[in-house]
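Chains here go by letter, A, B, C and D, matching the order in which they are written, and residues are numbered from 1 within each.
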Amino acid sequence: MTPEREKALKNLKTAKGQLEGIIKMIEEERYCIDISNQILASTALLKKANLHILSGHLHSCVKQAMQQGDSEEKLKEIEDVLGKLMK
Amino acid sequence: MTPEREKALKNLKTAKGQLEGIIKMIEEERYCIDISNQILASTALLKKANLHILSGHLHSCVKQAMQQGDSEEKLKEIEDVLGKLMK
Amino acid sequence: MTPEREKALKNLKTAKGQLEGIIKMIEEERYCIDISNQILASTALLKKANLHILSGHLHSCVKQAMQQGDSEEKLKEIEDVLGKLMK
Amino acid sequence: MTPEREKALKNLKTAKGQLEGIIKMIEEERYCIDISNQILASTALLKKANLHILSGHLHSCVKQAMQQGDSEEKLKEIEDVLGKLMK
């Protein structure tokens, strides 16, 4: 596994633990704003994980495709990701 | 529990299941873009959960504070949430 | 005019100047990434302006509506703004 | 000028006109939420323009760099853009 994927994995496992905590907060009728802030923290962590995955992708899969001269599909994929991020 | 909190709870439990799936995808060396798209889907679900929490907050805690004439703190909290969302 | 609106006005005038600059960059065939970074800078400035407007709104219009006991519509408006920001 | 740049130019010119309108709205003390919604509309337009610029970049500059075998810098640039979008 690449270092980027390991970092993403770590982020996702932490985020999963946070979600378990947030679910408990709701069940325990904790204050709304505290819950909202926790969800924002998990959202930020998912973004970090996604950036690790995409960075790793650029420097491995996309790079290899370039070297083999068939990058069109890879470029289209990156374009689609950008489109989703910039909605 | 308010209907908004129940919806948020449902979203969060689904998101948690998705994270378990994404963690497996990484461990199984699945394709980066597929993993990235799944993370984006979970991120969207967390946003939905957060909107349920904040909507519920507006129409319960904030409204009650208004009726008791001490809304300053509640308004500040909403302002802080907006600040985080608009970073 | 409230201090918040003055700050928003200043941000918007700066952003408008930036857009004029970006339009020139495109016409002068400047490098894509430089143009993209400028657009991101203007986007951030619009977010700052919007936060000034919404903060001012909370502490004036929403607060007054609270004091007059008819805050339902104001709360719904804030909810709609949150919904747009969390799409 | 590429079709993507022309689309971006059109978006930016429209956004600039919108900003002029929003500036007037503030000067005419128009309602906060109406101003906020207009700013959100302009922000969305800037994102569209930026996506046109980045899509054009992928399929021209990045592709050419690939064909010349020196894509490292281009990949780093895309990574930086992703980082800014996912902050």
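The working rule: contacts are C-beta pairs under 8 Å (C-beta built on N, C-alpha and C of every residue); 3 or more make two chains touch, one makes a residue touch a chain.
In this text the structure is predicted, and so the values were computed from the model without any measurement.
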item	value
C-D against A-D, pair bridged by the larger set of C-beta contacts	C-D
Between chain A and chain C, centroid-to-centroid distance (C-alpha), Å	27
Centre-of-Cα separation between chain D and chain C, whole angstrom	16
Computed distance of Cα centres, chain D from chain A, in Å	23
Residues of chain A engaged with two or more neighbouring chains	47, 50, 54, 81, 85, 87
Contact graph of the chains (line, ring, star, complete, other)	ring
Residue numbers on chain C that touch chain D, as the complex places them	1, 5, 8-9, 12-13, 15-16, 19-20, 22-23, 26-27, 29, 31-33, 35-37, 39-40, 42-43, 46-47, 49-50, 53-54, 56-57, 60-61, 77, 81, 84-85
Of all residues in chain C, those that touch chain B in their complex	47-48, 50-51, 54-55, 58-59, 62-63, 66-67, 69, 71, 75, 78-79, 81-83, 85-87
